[in-house]
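Have a look at this one.
A, B, C, D, E and F are the chain letters, set down in written order, and residue numbers restart from 1 in every chain.
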Amino acid sequence: MVGDTLERVKSGINGMDEMMQGGFAFPSTVLVAGSAGTGKTTFALQFLARGVRDGEQGLFFTTLSEPTQWMLRFVTHFTFIDKDSFGKQIKYVDLGPVLRKDRDPDILLKYIDDQIAEHMPQRIVIDPLTVVGEMISGSYRTFLYDLTTRLKNWQAVSVLTGEVLPGQMYPVELSYVVDTLVLLSTDLSPEGTRRKYLEILKMRGTNHATGKNLVDLSARGFVVQVGLR
Amino acid sequence: MVGDTLERVKSGINGMDEMMQGGFAFPSTVLVAGSAGTGKTTFALQFLARGVRDGEQGLFFTTLSEPTQWMLRFVTHFTFIDKDSFGKQIKYVDLGPVLRKDRDPDILLKYIDDQIAEHMPQRIVIDPLTVVGEMISGSYRTFLYDLTTRLKNWQAVSVLTGEVLPGQMYPVELSYVVDTLVLLSTDLSPEGTRRKYLEILKMRGTNHATGKNLVDLSARGFVVQVGLR
Amino acid sequence: MVGDTLERVKSGINGMDEMMQGGFAFPSTVLVAGSAGTGKTTFALQFLARGVRDGEQGLFFTTLSEPTQWMLRFVTHFTFIDKDSFGKQIKYVDLGPVLRKDRDPDILLKYIDDQIAEHMPQRIVIDPLTVVGEMISGSYRTFLYDLTTRLKNWQAVSVLTGEVLPGQMYPVELSYVVDTLVLLSTDLSPEGTRRKYLEILKMRGTNHATGKNLVDLSARGFVVQVGLR
Amino acid sequence: MVGDTLERVKSGINGMDEMMQGGFAFPSTVLVAGSAGTGKTTFALQFLARGVRDGEQGLFFTTLSEPTQWMLRFVTHFTFIDKDSFGKQIKYVDLGPVLRKDRDPDILLKYIDDQIAEHMPQRIVIDPLTVVGEMISGSYRTFLYDLTTRLKNWQAVSVLTGEVLPGQMYPVELSYVVDTLVLLSTDLSPEGTRRKYLEILKMRGTNHATGKNLVDLSARGFVVQVGLR
Amino acid sequence: MVGDTLERVKSGINGMDEMMQGGFAFPSTVLVAGSAGTGKTTFALQFLARGVRDGEQGLFFTTLSEPTQWMLRFVTHFTFIDKDSFGKQIKYVDLGPVLRKDRDPDILLKYIDDQIAEHMPQRIVIDPLTVVGEMISGSYRTFLYDLTTRLKNWQAVSVLTGEVLPGQMYPVELSYVVDTLVLLSTDLSPEGTRRKYLEILKMRGTNHATGKNLVDLSARGFVVQVGLR
Amino acid sequence: MVGDTLERVKSGINGMDEMMQGGFAFPSTVLVAGSAGTGKTTFALQFLARGVRDGEQGLFFTTLSEPTQWMLRFVTHFTFIDKDSFGKQIKYVDLGPVLRKDRDPDILLKYIDDQIAEHMPQRIVIDPLTVVGEMISGSYRTFLYDLTTRLKNWQAVSVLTGEVLPGQMYPVELSYVVDTLVLLSTDLSPEGTRRKYLEILKMRGTNHATGKNLVDLSARGFVVQVGLR
C-alpha cells in the first residue's frame, strides 16, 4: 500500500487541514481566488500566523503599496495574529515601487527572488497577484510561468491571492500553474444575507474533500464548517 | 481580547454606521458603485454634509464640469445639506478642464494633490471617477493605483463614485484598490416599482453587516432600512 | 423646509410631468433611450410641439439626413403637432453633411453651437445622437463630454435620443453625462402583442416616480398610463 | 382630424398590408431581417412580383452572384411570380463583381445609382445587404448611411434583406437607418417542428400592428396569419 | 401549376431525401454544420458513397491531412461504403500542403479548381472547411464568397462541413453563401445518454421538412428517424 | 459484415475500454479536456502506466516545468503506477526551457520530434498542451495542425491534455485536429459535493458509448462507473 508521502504544513485555517490530508503540500503553490470582500487577505494572514506559531519564517509581498502602519492597523483587528510578529517572523515587503517604476517582469522576478533569498521563508504570500497582470509590460502568462517555476525551487509554500470578476470562478491563467486552487465565494441567502464559502477545487497529489463549505469570517479569521453547505 | 483599533468617521448615511462598527475607517478609500440613477452623487453629498456638521473640511471633485450654480441648485433639493457650506466647508473643484486639456494622468494627479494640499480636507469626493478611465491617455489601472496610493497618504476618507454597466456588479479595476466597497443597486418589484438597495460588499479590517438592505432615497437623502430586504 | 427650487418646463408627454415634480429641469439634458421602434422621434416631436404651444423656440437636429419633406410627411401623421410650425417655431437642421464630410468632432460641435446661437432655442433635439459615435473620427466619449458641457451653457432643455441594442438598457457612455435618463422599452405580452413602456431611471435633483409605466403610442403621441404596469 | 397622408404601395405579402395602414410608405426603406432559412429572398421576390402586377418596375440587386439561371430555377419554385417577368419588369443585377473587384464603397454606390437611374424602378431589392459589410473596405456604417440617403432620393420602396446571427434580433447598424423594420424569425414548437413568424418592429409614421404573427411559407410565398401567434 | 423544376440527387442519408422533395438540388452547395463528434465526416462519406452507387464521380478534399491509409481504416468501419471505391470513384485529395505552405487563398482556389477540372466530379466534399478560415492569409469571407461562386459554376453538389463552437448553431459566414444548411446536433437525455439530431434549417427553392429529427449514427451511417424528435 | 479493423491499445482507465470497442485506436491522437482539478494529469499517468504493464515505451512531455522530483512525489500518491518506471519505461521531458527560450513553434516541433525519434514511444503525453498557445510566437492553430500531422506519422497514441475555461466544454482549436475527444467535468450535487464525470464526445471510426459517466478519482486513479450518471 502507498501512503501519503507528501510533506504537509498546517494551513492555519480552522477546519481546512482535515479536508486535505493534513495540510498544504510542502513545497507547493496555492492560488486563493475570490471576488472583492471574500477574505483573501485574511486567509493569507492566517496562513502566515500559523507559520509564526510553528516557528517558520513568513514573507508577505503586497502589490497594493498598503503602508506598514495600515497593515498593522488591519492586523490588530484579528485575534489569531500577534501584531509584534510583523517585521520579525513575518516580513512585509512592498512590490509597488518596483511594479510602478520598471514594469519589467524580469526586474520584478529578480526582486522577489532576492527578497526570498534574504529572508529564507517557509511561507510566502503575494497579495493580490492579479494586479501584476495589469501593470507589467510584456506577457503576464510568461511572468506567471516564470514566477511559479522559481517559487517551486524554494522550500516554501506560496499563497498567491487572485481577484476574480463577479460571475467568474477563478483567474484562469493562474489556475494552470499552481498546485492547489482554493475558491472563496459568496451568495445571497433567501433572507438577503451574504453567505461565504470555501472550496478546494484542485490539489495535485492529494485526496481532498470536494464541494463548497460554509465558512465563518470574523475577527477570529476563517473557520470552515466542514460538511455544512 | 482585541477591540476595534481603527479610528472611525461617521458616514452621514442614516443607518449605515451601525452596519460597520461605527463608520468608515479613517483614513481609507471608499468606492460607491452603482448604475445610472442609484444615487451616487447624493451619497457623496451626505458624506460631505456630515463632515460639515462634525467640523471637518470637505473637498468635492467633479469630473463632469457641472457648473457650481448647477450643483447649488441640485443641493437645494436636499434637506440634509446647508447650501451655504458650498465654497466654504465644502470646496467644489472641477477636474474637467485638466482632464479635457491635458489627458495626462500625471498632471491630473498633481492637480488633485495640490488641491488637497491647499484645502487639507478630512473628506474627499471624486464624482464620478470612472469617467477618467475613458479620457486620460495611458493606463487607467496605473492611474487608479497611483491615485489611491496618494490618497492613502492624506489623513482623509475618500469617497470615489463609480458608474457600473447594467448587469455588472461594480467596476472591477476600482474594486481592487479601495478599502471599502459599497454597492447601490435597484430592481423592479413585482408591482413594477423600482426598489433601491445598499450593500457593503467589502470593508477591510471591519466586521460589517452583509447582504442587501432596502434604502429610501428622497430629499432627506439615503436612509438605510437595516434588515429590510 | 426646502422646496423644489428647480425651474421646470413641460415635457409635452401626457402624464409624464406628474411623474417628475412638474416637468424637466430647466436647463438640463435628457437622454431618451430605446431600441428600434420604441418611439424616440415621436417623443422628441411631442417635446418640441409643447414648446410651440408655450411660445418657446425649438431646434431639431437630425443626424440621419431625413429630407424636410420626409419629416413633414412624418409629422402630419400626428395630431399633437402643427405642421406649419416646422421651419418657424421648430427649426429643422440636418447634421448629416457636416458629419459625413468632416467627421471632425470640433467642426460638428462648432456647427451645433452656431445653430443654437442663431436660433436661441429653449428646446433642442438631437435625433439620434448615437449615430455620431460611429461616424466621427476621434473619441466619442470626449465628444459627448464636450457636447453636454456646451449644452449646459445654453438656457435650454436638450433631448438627446439614443438607440440601444436589443437586450441593453441604455447607451452607457451617454448615461454618464446627462441629467435625466428616460427609457423606452417593449416586451411581448403572453398574447403575443408588443407592449410599450416608459421609465424615468435617473433625474438629478428631482423626486421622480420610479418603475416602468405602460404607454399608449398612437397618432396622439405618447400617453403615459401612470401606475399601469 | 389628420388622416394618413403617406402614399402606400402593396407589400405583396398576403395579410401584411392590413397590419400597416395599407402598405409600405412610398418612398421608404424597409429592412427585412432574419437568420438563415427564414425566407428573406422569398419575401423580396413577393414584393417585386406584386409590383409587376401593379405595373411597377422592379430592380433586384444580388450580392451573392447567384447566376440568373439559378435565380430562374429558384423562381419557378413559386406560384406567385411569373418567370417571364425576369429580365423585363424585374431587372436582375449582380453586385458581386463590383463588390469583389473594387471593394470601394463609393464605386459600389455609384454603380447602384447608375442602375437605378437606368431602370427607374419603383421597387428595389438588395439581397442580402449585410454581406457588403464584410467585403467593402472602409466604414460599413458610413456606407449604409450614404446608401439609405441616396435611396431616399429615388421615388421607390427599397427592401434590404439582412442576415442576423442566431439569438440576435436584427442587424443593429441597419436598423438605425431604415424607415421600416420587419423581423422574420423561427422557433421550435414543443412537437419539434419549426414555426415561422413575421413581426413589424418599427414603421415610421404608421400605426402598425405589433407583435409576432405566425406565417405560412410555401410555394405560394408568405401568408401572414394575423392574430395567430 | 408549377412543379419542382429543380434537378435532384440522392443524399445517401437514409430518410433524408423524403424531407427535401427527393434530394439535394443539382447543382448546389450544402453546409453540414455540427460540433465535435456529431458525424460530419460520416455524413460526407455517405453522400459520396451514394454517388458511387449512382455512377457519379466523387472528390473528397481533406483539410486536415489525414493520410489516405488513415481514411481507409476509417472507411472500413462503415458498411455503406466500398473501400475499393477510394482512389477510383472517390478521389481523395489533401489540401493540407497547399494550405500550410502558401496560405494564399487564390492559390488554394486555383488548386481546388484544377482538381475539379481534372476529375469532373458530380459530388464534392471539403471536410472541414472551417479550418481554412484560421490558416489562410487575407479575408475568410472573401474566400468563401469566391469558393462558392466557383463551385456554382461546376455541375456538382458540394458538401462543405463546418465545425461549430458548443452553443453556437452554425458558422455564420458560411451560412450566408450556401444554398442548403443542415445542422447536426446533440443533447443529453434525462438518462444521461447523448441523443443526435439532424435538421434542415434552410434549403433555397425547396419545400423541406422542418424541425429537429432524431438520427441513429452507427456503422451503417446516419439514419434519420423522420418525425421522431 | 465489416468488423472493427482498427488496432486498439488499452486506455489504462478502469471501465473505459468497454466504452470504445476495446481501447484507443492505434495510432491516434486523444484530447483529454477539463477545467482545473478534473484529473487530466492523473488520466495521462494511468494511460502511461498501462503501457508499462503492456511492455510499451512511454514519453511524458510537461509544459509546466514541474521538476522530476515533484513528479515523483506526485506519482507516489497513486497505486496504479510504479515510481521506478519513471526515467525508464516512462521518459519525462520538460518542454519548458524550449518554450520559454525560443517561443518558436518550429523549434518546439523539432524538439518534440527529436525526443520521439530517440525514445520511440508507443504512448505519448503532452500535459497541458493548451499552455503552448499562450507562449509561442506565431499561430497556435498552425502549430496544432503541424503537431498533430507529425504525431500521426509516428506509431503511437498521443494523449494531449487541455485546460478549459469554466463554462466552456473543450478547447475548440484542439478539438478540430484530434481523432478522439474525452471530456472530464464536474458539477455540484444538491448536497454540495462535487461529482466528476467522463464523456467520450467524439471518436473517429469507433462506435463508442455516449453520454456522461460518473467517475471515481482516488489514489487508484480514475474508475468509470459506466451507466451511472
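We take it that a contact is a pair of C-beta atoms (placed from the backbone, for glycine too) under 8 Å apart; a residue touches a chain by one contact, two chains touch by 3 or more.
If you're wondering where the values come from, they're calculated on a predicted model, not measured in any experiment.
Chemist: Which chains are in contact with both subunit D and subunit F?
Modeler: E
Chemist: Greatest Cα-centroid separation from subunit D: which chain?
Modeler: Checked the centroid distances; the maximum from subunit D is A.
Chemist: How would the subunit C/subunit D interface be labelled, same or different, where same requires over half of its residue numbers to be shared?
Modeler: Different, since under half the interface numbering is common to both chains.
Chemist: Please work out the Cα centroid separation of subunit B and subunit F, and write it as a whole number of Å.
Modeler: Inter-chain centre distance comes to 52 Å.
Chemist: Give, as an integer number of Å, the spacing between the C-alpha centres of subunit E and subunit B.
Modeler: Computed value for the inter-centroid distance: 60 Å.
Chemist: Please work out the Cα centroid separation of subunit A and subunit B, and write it as a whole number of Å.
Modeler: Centre-to-centre distance between subunit A and subunit B: 30 Å.
Chemist: Mark out which residues of subunit A touch at least two other chains, giving numbers and ranges.
Modeler: Correct list: empty.
Chemist: Which of line, ring, star, complete and other names the graph you get from chains that touch?
Modeler: Shape of the chain contacts: a ring, since each chain touches exactly two and the loop closes.
Chemist: So in the complex, which bits of subunit C are touching subunit B?
Modeler: 1-2, 4-6, 25, 139, 141-142, 145-146, 149, 152, 168-170, 172-173, 175-177, 181, 199, 201-207, 210-213, 229
Chemist: Name, in rising order, each residue of subunit E that touches subunit F in their complex.
Modeler: Residue positions touching the partner: 36-37, 41, 64-67, 70, 73-74, 76-79, 96, 100, 128, 130-131, 134-135, 163, 165-166, 186, 188-189, 191-194, 218-219.
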